[in-house]
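In what follows, structures are represented as structure tokens.
Consider the two complexes below, in which chain A is the common component and chain B and chain C are the respective partners.
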Partner chain A sequence: MEIRPIFSALMRSKVSMILIGVQVAMTLAIVCNALFIIGQRLDHMNRPSGMNEADTFYLGSSGFGQGFDARATIREDLATLRQLPGVADATVSNSVPMSEGGWSTGLSLQPKQKTSTADTAIYIVDDRALDTFGVNLIAGRNFKPEEIADVTFGDRLQPASIIVTKALADKLFPDGDALGKSIYMGEDPPTSTIIGIVDRLQQPWMSSSSIENSTFVPAFMPYGNSSRYLVRAEPGRRDEVMKLVEQKLSESNTSRIIGKVHTMEETRGEAYAGDRAMAIILTAVILALLMVTALGIVGMASFWVAQRTRQIGTRRALGASRSDILRYFQTENFIITTLGLLVGAVLAYAFSLWMMQSYQSPRLPWYYVPIGFVCLWALGQLAVLGPAMRASRVPPAVATRSV
Partner chain B sequence: MLKMTHLQKVYRTHLIETHALRDFSIHVREGEFVAVTGPSGSGKTTFLNIAGLLEEFSGGEFLLDGVNVSGLNDNARSKLRNEKIGFIFQSFNLIPDLNLFDNVDVPLRYRGFGAAERKKRIEESLTRVGLASRMKHYPSELSGGQQQRVAIARALAGSPRLLLADEPTGNLDSLMARGVLELLEEINRQGTTIVMVTHDPELAARAQRNVHVIDGQVTDFDEAPRLREVAAGNADRGSGAESGRAVGAMD
Partner chain C sequence: MFSYYLQLGMRSLRRNPILTALMVIGIGLGIAASMTTLTVMHLMGSDPIPWKSDKLHYVQLDNWSADNSYYDDGRPPDQVTYRDAVALMEAGKADKQSAMFKLSLPIQPENKELKPFRSLGRVAYTDFFGMFEPPFKYGGPWSHDQDAGHERVVVLGKDMNEKLFGGQDSVGRTVRMDDIDYTIVGVLDDWKLRSRYYDLTNGAFEDPDEFFMPFTAAIDLKQRSTGNNSCWKSSGDGWDAYLDSDCVWIQMWVQLDSPARLAEYKSFLDSYVNEQKKLGRFPRPLNNRLLDVNEWMADQEVVSRDVQVQTGLAFAFLVVCLVNTVGLLLAKFTRKSGEIGLRRALGASRREVFSQFLIESGVVGLSGGVLGLALTGLGLLAVRALYSEYKTVAHLDWTMIFVTVALAVVSSVLAGVYPTWRACRVQPAAQLKI
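Moving on, here comes the complex of A and B:
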């Protein structure tokens, strides 16, 4: 290998080497951290809600005019919905996961506890909620119809029984014995008993630090004249059922307005739009950066080939084969890229450290840099291949040309 | 050492054909110092390129040290060139970003010699041209004459049997030119065959034999005065320039 003489020669024309080296270094530092951020965003976007999202949709109903009976309307609507062909189940709920709107409260183990033990989202539902949401009950039991309390909006919720998510149960009772235990919803008695634990159900708020702490509260509590219905269709029939539901509810009562029907998939898309946009922008930045770096290498190598045509011819005249010339340029690129990558590795970790200190982001995993090393080595070798092949085709007779 | 018989070299474009060499025959024996002369465009450089395996020829036969080169592929030609031929160029063709040591090292690396062997050869050849003390200098730090000496050292380092020189003193003043020529004569005395292309009659006169080329053909040859001085040391010399029309005996 001609590493030493090539390196010595490069040291005589440092500017070009530094330009490409810095470009490679910046590319490694930015690409590693950007890929890590994209990975984080994708993990964020792929968090399961705990629901059957594919088959479920929801819609609002808003009554108007004097004499509108919200309670009667909800009961009629639920009865209508549950009878429609293609509907697996339906429930009424004050909120749905990922919708960014809902209720929350603190749960305490002791009365008058100054700081609650855990925060939770509240889903005010009936006894058909578990089936409609499609959550997985892993311990205990579902609500019984007689446990659904009639509550007027504005009254304090005092449920005798609740169903919580596993994350919340573990937070409240780390020993894993939450089932059957009583907790305080707020500061005062009465207590609520945990009668069931579901595997998972996200809160409505995507930025919540305790996103899996959710509680089902059995209550029938119209929100003024408004209500929100959650409907789960039989597998594969969601779109068909959505149209039918909208039509039937609109026809059944002309004293209210049926709001837009949302699928859970749409809701997920809207909830993670920011993450998706960030991932797309960063991907575009990475691709642009890699392209600019590759073009920089191609440009510089092409310039060097043109500048050194006579030198290449001389080397050929002195016995270099075509593959020797090809190898020369590839080795030269390897040296420049490696130097750039060494600097880039330091920059990548420094950038990560800065992100940790400034934005509390997690540390860049160590393996991103070596993988980036290999990818940029490959990119460099690929980029220089064209100019190097052109160089290898320079005829040895160039050595004797006077111009 | 070098034998070309009825050699043809035609450059073709889609419009014209140019016959750079026609029916070109020459025989250079081992240990000779031959000057190839002729006006610009006569075919001297084409001859040199073909002799040095830098270009292929269109027809005829070319034996280099007994090897018929017409069937060789590019790799084989490169290897043969590296092992048997040393080049000296008019513009020296040193690599400006390498110091003298690394410049002389270039052909040795392609030869595949180990580091110790290369170092020994580089030191020996630079010593031979009187520049051993300047190994770490760069070409730009040397005079033209010194640069040509480095080029000679580079050509000699691989112990070639044939030295091809293309106007070796063309870019030098007369004093430096004399020094380079004396060095070439010394190298020849030590047994290396030299073929030198030049348009300088004075320089050609120092060679043992002149071959004159016009319009791609060998038109004449003569015996330079120096031939008689060194003839005794080269007893096996026979015929000189040969062509389809002109063949001459050297002795």
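Moving on, here comes the complex of A and C:
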């Protein structure tokens, strides 16, 4: 393929070439970075909570007034819940993963340690929590019923035994011997002993930097007159059980409010609504951008074909085959696109640098740009195909016609 | 001449419908993407109370641990302790001042057909109303005396009054909350807040508060905040220990009517903290802040990073669309060299040719703007569907409609300048020779 004549033809319409090149360059920069952001969001959304989300739901109960007996109500409610048909297990918990509200504290290895060794979310639960959350105990044992301490809200939690996630155990004891060790919750004694380790349970906060550091604390501690129940239904029976639970609890005690029942699936949806929206919006931007760029190439190529009809005819008359003409326009497009892509690669990294500096985003991985090259080469070739085919059909006789 | 050129422009655009459609769609898409994101960003970040936003200041005191700062970058905590809030209220050194926190309470309606329900409201001092100026429909705020007397009074939001009393004047009646009767002193009218800027600690786009009650009365009833509470050391057991602790859970706003008053209040805060240091509190270096409304909104990133990134990308997309338009206009005008040559030969000046083609670009821009406006409407609809909490900030107003169309026309005329200039340089002789 003779590139020289293509180059000299391009040099005669520098501005159009630059315009297409700039479009391709900016498209590459935007598409690479947007795809990278989308990828990050999808990774974020795919993080497992560690729970059985499909069958689990939760609801709040809140009584009124100073005379309300929250402890008795919770005991009754749990007894009611656990014997309902279709309920696999139920527990009381101050929070659930992905709900964005909960408790956290620092854990230390020494008393009066200046900076805590690890931060953890705290789930204040009873001995049925592991089964209800659907987490897997990978070492040690569950709480015994007698280990659930009565605590008044506002008093310090001083659990003798706790169960932690594997991530937290490894953070506290990197040698992997966390089971049976004692740690300080807060800065003062007494210590709490790690009696069990579960494989995974997320914190309630989606933007937490240590999202898998969670601790189960065995305590019976109503928040004022309020409590939150987590219920796991038998597989496939969640929706019917939800209705039943709401109805039974409302009937059992009228001097309190049963809050809206939330499934864990809804909670996941709400927790990741922002990530989902960002991914959808950026996908729309990418598609619109690719469309505009492709249409721009079609428009410009059509114009060039129209402008050069006589020259094409002349070449055909001088013996060039139809595929020669087709290849001419394809090569021309390849050259322009490649020049644009080279500039675009620089732009893409510059944009990524700006994102890193302004928003502490991670660096754009190197492979996005080569993938972008291949995609835009393909887009350019597809876009130019129509006009190039039209060019190849120009009959040689055009050369002999005057305008 | 303008209307004649307008006609010529329309005719020329109709002659190449596909090329014209490509340009109009390109501009429309670019404008819609940038205007959708810009509208959200503009409404999110816009000054919620422009006539006094520089007078309202958010109080931050750094009572955090000597070993760790509250934020990693050293900024002081975003709330204050109970004891500091009460000390500042008692000192009363600002022109207006209110400590406040968020509270969720069960409401037990008189009307037995209504089931009891939970409601989110706010605990504050009466100056809250003077500072943030919510409109009253009936009655008014409670008095300073009622604050001092720990009285059980309440101001209801419009929706709550609608729900409990069918929207009637309920001033003087009572509402039962958590088994205690509160006397209604006022009912708010529609309070159109884009963001709940006076409390950003749980996100700026939560639902509006449904009731307001005196801080002093709520503390008597040992009501804890439903919002955030952070402690750097354990508070000890019981309610009194909690009130006395270094846990932060209260927001504190002051109104300072002049820069001189601001400077006075700053030095008052410094001397207060230095006084507390003598008691063994405030182990960190002096780090008080008094940000005004807009500074506080920027500090708490009310305009989220996602929205900023989306806006940046959308404008980059608009640039691509405009470059695209430049290319297509260039192609179009170059093909009309013959026509231009003829007009020039018949006596049209370059200036006339220039304005003719610039008007043609303007027509493309205007059509793109109209399409863009329609697409922006759709885009905002999509934003409302994707982000349920942004319903207050994803709306077109007249300013944004004007900006949209103006942006489309101006940017497409700019895009037309180079192709037009090229078109004007056509030599009449070269075109007429053949």
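Following the convention adopted for this analysis, the second predicted complex is superposed on the first by the 401 of 403 C-alpha atoms of A that agree within 3 Å, B and C clash if a C-alpha of one lies under 4 Å from a C-alpha of the other, contacts with A are read in each partner's own complex, and residues count from 1 in each chain.
Convention: a residue touches a chain if its C-beta (ideal position, glycine included) is under 8 Å from a C-beta of that chain, and two chains touch if they have at least 3 such contacts.
Quantities reported herein were computed from a predicted structural model and do not represent experimental measurements.
Peer 1: According to the stated criteria, A:Glu2 is in contact with first (chain B), second (chain C), both, or neither; which is it?
Peer 2: First partner only, chain B.
Peer 1: Just chain B (first), just chain C (second), both, or neither: which does A:Val305 touch?
Peer 2: A:Val305 sits against neither chain B nor chain C.
Peer 1: Should A:Ile20 be classified as contacting the first partner (chain B), the second (chain C), both, or neither?
Peer 2: second
Peer 1: Between chain C and chain B, which one touches more residues of chain A when both complexes sit on the common chain A?
Peer 2: After superposition, C is the partner touching more of chain A.
Peer 1: For A:Leu130, is the partner it touches chain B (first), chain C (second), both, or none of the two (neither)?
Peer 2: Once the two structures are laid over each other on A, A:Leu130 reaches no partner at all.
Peer 1: Classify the contacts of A:Pro396 with the two partner chains as first (chain B alone), second (chain C alone), both, or neither.
Peer 2: After superposing on A, A:Pro396 lies in contact with chain B but is clear of chain C.
Peer 1: Who does A:Val292 touch here: chain B (first), chain C (second), both, or neither?
Peer 2: The answer is second: A:Val292 touches chain C but not chain B.
Peer 1: Determine, under the contact definition given at the top, whether A:Met242 touches first (chain B), second (chain C), both, or neither.
Peer 2: Once the two structures are laid over each other on A, A:Met242 reaches no partner at all.
Peer 1: Between chain B and chain C, which residues of chain A are contacted by each of them?
Peer 2: Residues 402, which sit in both footprints.
Peer 1: Per the contact definition, I'd like the list of chain A residues that touch chain B in the complex.
Peer 2: Chain A residues touching chain B: 2, 5, 8-10, 12-13, 310-311, 314-324, 395-397, 399-400, 402.
Peer 1: Which residues, counting only chain A, touch chain C once they are in their complex?
Peer 2: For chain A paired with chain C, touching residues are 15-16, 19-20, 22-23, 26-27, 29-30, 33-34, 37, 62-67, 114-115, 152, 154-156, 186-188, 224-225, 256-257, 259, 273-274, 276-278, 280-282, 285, 288-289, 291-293, 295-296, 298-300, 302-303, 306-307, 355, 359, 402-403.
Peer 1: So in the complex, which bits of chain B are touching chain A?
Peer 2: 45, 48-49, 52-55, 74-75, 78-79, 81-83, 87, 89-91, 93, 95-99, 102, 105-107, 109-111, 138, 154, 158, 166
Peer 1: Contact residues on chain C for chain A in the complex?
Peer 2: Listed in rising order, the residues are 19, 22, 25-26, 29-30, 33, 67-68, 106, 108, 115-118, 178-180, 224, 233-239, 241-242, 304-306, 308-310, 313-314, 316-317, 319-321, 323-324, 326-328, 330-332, 334-335, 382-383, 386-388, 418, 422, 434.
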